[in-house]
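Chain IDs A, B, C and D follow the sequence of writing; residue 1 opens each chain.
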Amino acid sequence: MIIVFRKDASDQQIEHVIERVEEWGLSPNVSRGTERTIVGVIGDEAILRSKPLEALPGVEHVMPVLKPYKRASAEMRPERTRIRVPAVHDEGAPLFIGGTGVVLIAGPCAVENYDLMLEVGRRVKAAGAHMLRGGAFKPRTSPYSFQGLGREGLEILRAVRGETGLPVVTEVMDTKDVELVSEYADLLQIGARNMQNFTLLKEAGRSRRPVVLKRGMANTIEEWLMSAEYIMNAGNEQVILCERGIRTIETLTRNTLDLSAVPVVRRESHLPVMVDPSHGCGHADLVPALVRGAIAAGADAVMVEVHPDPERALSDGPQSLRPAEFERLVEEAGRVARAVERSLEPEGK
Amino acid sequence: MIIVFRKDASDQQIEHVIERVEEWGLSPNVSRGTERTIVGVIGDEAILRSKPLEALPGVEHVMPVLKPYKRASAEMRPERTRIRVPAVHDEGAPLFIGGTGVVLIAGPCAVENYDLMLEVGRRVKAAGAHMLRGGAFKPRTSPYSFQGLGREGLEILRAVRGETGLPVVTEVMDTKDVELVSEYADLLQIGARNMQNFTLLKEAGRSRRPVVLKRGMANTIEEWLMSAEYIMNAGNEQVILCERGIRTIETLTRNTLDLSAVPVVRRESHLPVMVDPSHGCGHADLVPALVRGAIAAGADAVMVEVHPDPERALSDGPQSLRPAEFERLVEEAGRVARAVERSLEPEGK
Amino acid sequence: MIIVFRKDASDQQIEHVIERVEEWGLSPNVSRGTERTIVGVIGDEAILRSKPLEALPGVEHVMPVLKPYKRASAEMRPERTRIRVPAVHDEGAPLFIGGTGVVLIAGPCAVENYDLMLEVGRRVKAAGAHMLRGGAFKPRTSPYSFQGLGREGLEILRAVRGETGLPVVTEVMDTKDVELVSEYADLLQIGARNMQNFTLLKEAGRSRRPVVLKRGMANTIEEWLMSAEYIMNAGNEQVILCERGIRTIETLTRNTLDLSAVPVVRRESHLPVMVDPSHGCGHADLVPALVRGAIAAGADAVMVEVHPDPERALSDGPQSLRPAEFERLVEEAGRVARAVERSLEPEGK
Amino acid sequence: MIIVFRKDASDQQIEHVIERVEEWGLSPNVSRGTERTIVGVIGDEAILRSKPLEALPGVEHVMPVLKPYKRASAEMRPERTRIRVPAVHDEGAPLFIGGTGVVLIAGPCAVENYDLMLEVGRRVKAAGAHMLRGGAFKPRTSPYSFQGLGREGLEILRAVRGETGLPVVTEVMDTKDVELVSEYADLLQIGARNMQNFTLLKEAGRSRRPVVLKRGMANTIEEWLMSAEYIMNAGNEQVILCERGIRTIETLTRNTLDLSAVPVVRRESHLPVMVDPSHGCGHADLVPALVRGAIAAGADAVMVEVHPDPERALSDGPQSLRPAEFERLVEEAGRVARAVERSLEPEGK
């Protein structure tokens, strides 16, 4: 931690800061320049991060030197984490997220009914998807919009999972539901709006399911990694980071998908990184280009909304691909994956 | 709702949309221009908002005409809402938020211990504050930071409330805690990071306590009002909207306090509007100017962090005023309130 | 400057950086921690700012300690700059921007014709404005919008200036026009879109007129001060910083007026600070609240769009006040100015 | 154009708006709903865009139906524009930007001296680049940074262009220099900070050189297309749109590269689209992933900063690739181009 003093800081003020730092068991290193005095503090930066150093008289600002994340950090664990999703049926092979294969997850925004879910499941599986998505609990901006089927939606997911053999990912929105959703889902999803719902993160940290943690709409990558840290610190090391677009000044897309987050996360962390271009852009016609871009940039998994009849979808129809469009997309995705020396075969042995 | 077709939309596509709209029981009004065909739909716009119109073939985009909020809207209830906070002790007068008096709320970011809380309570009361703030449950970016005292913090708040006669406002972060916090708090606070934690909003809608709803860091005013709508729709009409800064490209302040939100909310809604400049800017030295600005712009209440020893604060020290600074601020705030024909006397009879 | 090395930086890499720093004539100060080695560099930080330190192998990141602005900095010149605008007619008193009086500038967005300009000039003068605004060169998003009257507009401004005795502020958009506009304007305005048009800044730095430098729509306060630095470094120390709103995620206002910029600029710089709420919010009904807020927060001047017939304005009608609305606003502004111990009397002797 | 009235608009106010619209020669189409009256206006929307409709009493807001761009619009010209860059030497083949081949442009941020420029030119040509970049006029945030060699830089570019046979792209910052730069450059570049320098756009519209128009740091795609419209409307139809990152809340990257802009521009416009990931992210280690992503998403050209000795670069060293890194990148780029059915062979016959 570097403490920079105001130009007019008095010797007494500087002395006082040094004393406080020593009280906390740390060793300050003072440099007096012509323009500013600065104090570097060697030792456990976590101690200092929790201290209001900028409130000390004479201090102008404080600059952390180390990254605030530990368990999520690539420095702490240089080998990349590979998350194992067991096969649905005994004879199947597990999936690995974070290996050489790129995982494709597809399905409707919301679970609407059994027939539709089964139809989508069969179509996306035939096209090459590895997992099925669908929300039973839906975060909606308006209280007057469809809020999801809840437990009934989970039951439908379980049935379609069994029929198709596709593992499922579904969102959990409330601490009270983490245990319930964990019984049904292969991957628990925490949505963008809950990325800093810290009680939910802690509860998900007590689940035995891997967690897909979506990036918040206005959160930095550092904050996103800190939210992963919450889950990991509570005991669950299996976190997948999912980029889904951030809010910017652009209006022709729903959000701005930040594909540079893919290489940044791969540099900063050992955790796998997923991309959701459907929410990222909000328009089905843009999704294929962004899936190709995401895989080319290094994504370990891609999640795409697919609906057999988008104009009747109860949620997010305009960004949903039709099954035939998804089929074409899988072909393109496969070519791009091979161009970057990966494949669409994430099944292990 | 206005449906704009693509230039190359076929007659069949347009016909299909018209049929769907009629199926929903609404009356479409078609205008064929040289450049575009547009369809205006008269009737209950809420029906259309839940339909994926942009997924219909040939549709370019869709423009809502009406505001999505109802209960929170100034159109539905032209007279401004005045929220009554009963006096702590029998002999006292209730406070009103949203009347001619401007309400001052002050206190530390987090409840740290009884002595400190009592000291702050006494000092801010003497200076002129009407209510006391302090967090028992603290949302912190890092799992390694102080997370609040929880129930013990609520007990401290209750004791200091009784000692000082100041009603208290404190945050609730989890659906499981809404009932508990409602037993201790005069106002329930929902923090910026939970503004779209919809299950929490619904639960707060079942509480009997007025709710201070902070604006999310990347949320529009429309979304903020929709979150108020969630609380109101669940049965609790007593919502106070609190502006606390949004994320922008500026880095010298922690957030950018959006004071234009004050007149916008007053135009769009009947609900009272509060401003929290401490979180809004993150630096104690900027707080007095922003409190003056907030009151001049029309805020009904202002919430300020005050700590007797900011350099030892367990949370947000750099943005906390010392009690003596708060005293000066109250004087300035009073002069500005009178300049805009208000006062610092929100107590009713 | 603090140079932070990667955890895995080799001794050779660190040595190499130290050699480079010494080559530049500076003294590096090395601290080896358990987690990171850092090197603090004492001396002229401007030298280091121009070096690509982050391109040196082993370097993780670099943190400047000093502010990049010098001439604009409050550290270099603690007393606040007061800019003198000479009286139009011999008998008049000069205006001072940056003194105890708050300067009110009013007028239409664009100069449209002589009669209208004269009418506005007389009305705003009668209401209490101290200066007149109006654009002869107009930056418009569309090439098909009214682009301003150019030189003819300047002639109209000169005539109305003479008639009313109000000094004028008008925009210059091109290096080729700086001399021309300087002949007509009392204050040269550089618009938000040109805040980083560095050749224009340099040219304005050679003018003898004070410059109103608007903040760019996505520029930080630090960049804004650096643009002032360009003007000052080219020889013109008379710069007024004008906050006019930044782009954010909010959509109900045209921009988000950043009133916290007012106290930040007053802390960081000795230059006067102006606020333009008309462009800042884009809606006439919000302007009065924001003018009050700006003055309460410490603005030295306020610029407001006024048009006698907004619905016929050639530019920015929706954000223009009618003269009668401006009159009421001046009254309110006066009360707020006095509440913060200022006045609307910026004329000196 | 759709005009939405306030709920409380009077019949007189509505009548007045209708009269104004008819005065402008347009035909209003009135729909009276229970909640709102709306007026649709058929005919030339450009007329209405220039009218301050929101300033008319009773009007709540106004929604344009048509896109504001014409010449840049894919609707006006469905076939994609292919820009021809003639060969430097007689025997060479011209390049085409916007055809099936993806164009690679490489070079240092700034022209520093002849030897370095020649070295880079030879290295990037050998690696497979099709054009050379290098700035002679440099927009720098600080007046104390290297500002470019100006005309001397242009002379160096000309010499290296002749030696290597690579056409060059270089920036023009000032209307006064457009003619000069046009004599030296094969493509004129307008930088992000000048995207709305409208006098410069008009002047570039009078040049015979194709123009690379970089997207502004806080500009929407619609505004970017409107700036292209300025150039095209002034007579120069040869515009290449270059995405280079927008400002967002993210801090680990210099900007957020908006790769969704690639498919959006391809849908909205016939103009070719280029991507500059070097400025887009600011860190050399992220560039290769983003070049791959850009090509996979459909970019027609990619511009990359390459410097033989980044740690001695006078500008943007940290984001510059070394020549050997660029070689590897070209290989990867070629594989991805082929995966999306393109190539790195943009030379025509």
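Simple rule for what comes next: a residue touches a chain if its C-beta (ideal position, glycine included) is under 8 Å from a C-beta of that chain, and two chains touch if they have at least 3 such contacts.
The shown structure was predicted, so the numbers you read here are calculated from the model rather than taken from an experiment.
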{"item": "A-B compared against A-C, more contacting pairs", "value": "A-B"}
{"item": "Mean-CA-position distance for chain D and chain A (Å)", "value": "31"}
{"item": "CA centroid of chain A to CA centroid of chain C, Å", "value": "40"}
{"item": "Chain A and chain B: spacing of chain centres that average the CA atoms, whole Å", "value": "27"}
{"item": "Residue numbers of chain A (touch at least two other chains)", "value": "218, 247-249"}
{"item": "Chain contact topology (line, ring, star, complete or other)", "value": "complete"}
{"item": "Chain A-touching residues of chain B, taken from the complex the two chains share", "value": "20, 46, 49-57, 68, 139-147, 173-176, 193-194, 196-200, 202, 216-218, 223, 226, 229-230, 233-234, 247, 283-284, 310-314, 316-318, 320"}
{"item": "Touching residues on chain D, where the partner in the complex is chain A", "value": "218-222, 246-253, 256-264, 267-268, 280-281, 285-286, 289-290, 292-298, 332, 335-336, 338-340"}
{"item": "Residues of chain B touching chain D in the complex", "value": "2, 4, 7, 29, 31, 33-36, 38, 40, 42-43, 45, 63, 65-66, 75, 218, 247-249"}
